[in-house]
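The two complexes that follow have chain A in common; it is paired with chain B in the first and with chain C in the second.
What follows is the complex of A and B.
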């Protein structure tokens, strides 16, 4: 099934924006209609291409946020102030606007029910997007796979998918937040960067051999991956996806 | 200054243009240190004129891919083998 979903010639196709939903002050989710979308696996991404009137093209990769099997494809985009693509997507894009995408691409940073669990997902900021596709898939499919999301955000208002994660917590997944820069009054959760002690407290023990997926800015991913190895997780059980310097 | 370092995942779209199959799940053997890793776990630098993929263990260059939009130039000298 995995191979069938990722094989085939990769071509650019037109996507039409149906709706733009604010998630946080800097992040929006774009709901897309993509006729003939071949389907995707949780964790895959698309390449997105904008073409200016003079023919200039800019291309970026965005993780897919929606679960497989949904009619509408969702991308969640963080605004990068000096980016070429993301300010257009978060500020200018209106329902009915069109651009090109190709995909789904990537088969490595993917989780499917057949891989089993337990699952430990570690997200930094908008790195939560491909992990959300996994959590949504898990929730929708009613899979009995223990999953934990450790999610690092700057502040409570910066937590992407906050309400949905609150709903998922205690149901199909366990959600643990850490807020690194500012915390609301009465906050009793973690308020520091992810470190080995936090990973040991939150995650499944190493002898449970969890499948670990880490996504976020490059320094975040490197720190977390090193900490996991330090704790005794096998490197082959840890899959990482680093977000670029500009993301764009 | 953020790092320019990414994973092989970041080159998945480009590599699909070249190979026409999903390449990030393929495993490559480094000619330098003999370690075996999934292409999705290679270290990728995408902000050069081309894309450079390096070994996650020894940092040797495994693949270089350059395109002008129509043609591709592939340098696979650092890869002993690639299992698809």
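What follows is the complex of A and C.
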């Protein structure tokens, strides 16, 4: 395959943690130095491999949070309580620690400026991570593409990238939150699970033929994707990425 | 490369290992789960059974087509197999009911050496024909004694357990027999053309 030959083999590369930044009580962003990183597209992920002293290894996949072209590669990891890899990354990892990654992986759940817009991004919890790479890319590249993020979180303190999203809102993107379990005093935004009515209100309308990206836990993605089809969005315009409880 | 032979140790990582599973059944880089995670590229399609059919097309003497009733009248078997997803989970002893692909290809004259499974929603997956024959692959309509859920590929999905699970195409509507190996959906998006979990053929070039 010609494309495989161009891309070459995905080899394991050493990644060194530069910083571990808390995003929410359960989520941290890991800033990585990866010498020779080949670059990536917004929406792609990496395979991450940990090795114990006796040689035991565990691999998982994590979405890339950083925009293409930045020096530091960022992964955002949600702690899965009974997980094997995510508790290490969120609780144990310190600057200077090293592990291996391989990537970037995935050629479908990606957005490039050539795809155009408008963009509708729908995130549930840590499903926002690959969508954030798209928003950061839009913002950094100054792309004139209308983008909307509809972001479902449990509560205000669970909103990943909250301050950055506040900054982006009204600038390069429109950000709409829904808080499904608890809301701060005076909250005037949505406070329920994403449903067809909410999607219709938030837009863009189906006749604008938005490119839609949906990422979150499986039930969230099933519900949102079905609702979008019900509203009249073409299934082929809807790209999904799902993760289950074993994502840890 | 040397660094692949001597992976670096991650300080303080011990691993939980509760789910390591029997080494002869869990391919490299996989872990065992009891869940059944879902991975799809788009919305879950829903096709009424009275509009559903299964087709055999491409390089063969005459295209064939089965309605739902005709498909369900084919001989079936129950199989217990291990499945391995490229996203790293493996699930052991999964129980399926389905029609052997051999039964679907029974009596077919073809020069084809490959097949493309085509599906509702536009998904495709390519496989060598010899991986679909010889009692190694099924068109499955039930999982764990129940009709297959739409989100897991119902009404039927391909079941090719010796390859990574994306080859077990969900919502499959037929097989196109081909003389060349034409990359399917994931195979055009960075994933391996063949996908043998025991050789860890996850991505292009693996």
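Here is the rule we use: the second predicted complex is superposed on the first by the 242 of 248 C-alpha atoms of A that agree within 3 Å, B and C clash if a C-alpha of one lies under 4 Å from a C-alpha of the other, contacts with A are read in each partner's own complex, and residues count from 1 in each chain.
The definition used in the following text is that a contact is a pair of C-beta atoms (placed from the backbone, for glycine too) under 8 Å apart; a residue touches a chain by one contact, two chains touch by 3 or more.
Treat the numbers as computed from the prediction; the structure is a model and nothing was measured.
Q: Overlaying the two complexes on chain A, which is it for chain B and chain C: clash or fit?
A: Partners clash after overlay.
Q: Should A:51 be classified as contacting the first partner (chain B), the second (chain C), both, or neither?
A: In the superposition, A:51 contacts chain C only.
Q: Thinking of the overlay built on chain A, is A:98 touched by chain B (first), by chain C (second), by both, or by neither?
A: Second partner only.
Q: Can you tell me whether chain B or chain C touches more residues on chain A?
A: C
Q: Identify the partner contact of A:109: answer first if only chain B is touched, second if only chain C is, both if each is, neither if none is.
A: After superposing on A, A:109 lies in contact with both chain B and chain C.
Q: With both complexes overlaid on chain A, does A:218 touch chain B (first), chain C (second), both or neither?
A: both
Q: Which partner does A:195 contact after superposing on A: first (chain B), second (chain C), both, neither?
A: neither
Q: Can A:61 be said to touch chain B (first), chain C (second), both, or neither?
A: In the superposed model, A:61 contacts both chain B and chain C.
Q: Considering only touches as defined above, state whether A:229 meets chain B (first), chain C (second), both or neither.
A: A:229: touches chain C, not chain B.
Q: With both structures aligned on chain A, tell me which stretch of chain C collides with chain B: 39-47, 57-65 or 93-101.
A: 39-47
Q: Do chain B and chain C land on any of the same chain A residues, and which?
A: 3, 7, 9-10, 47, 61, 105-109, 218, 222, 239-240, 242, 244-245
Q: Okay, in this complex, where on chain B does chain A touch?
A: The touching residues are 1-10, 12-13, 16-17, 20-22, 24-25, 38-41, 46-47.
Q: Help me check something: in the complex, which residues belonging to chain C touch chain A?
A: Where chain C meets chain A, its residues are 1, 3-4, 7-17, 19, 29, 31, 33, 35, 37-45, 87-89, 121-122, 151, 183, 185-186, 188-190, 193, 202-206.
Q: Going by the contact rule set out above, which residues of chain A touch chain C in the complex?
A: It comes out as residues 1, 3-4, 7-14, 47, 49-53, 56-61, 84, 88, 92, 94, 97-100, 105-109, 218, 222, 225-226, 228-229, 235-236, 238-240, 242-247.
Q: Would you mind writing out the residues of chain A in touch with chain B in their complex?
A: Residues of chain A touching chain B: 3, 6-7, 9-10, 45, 47, 61, 102-103, 105-109, 217-219, 222, 239-242, 244-245.
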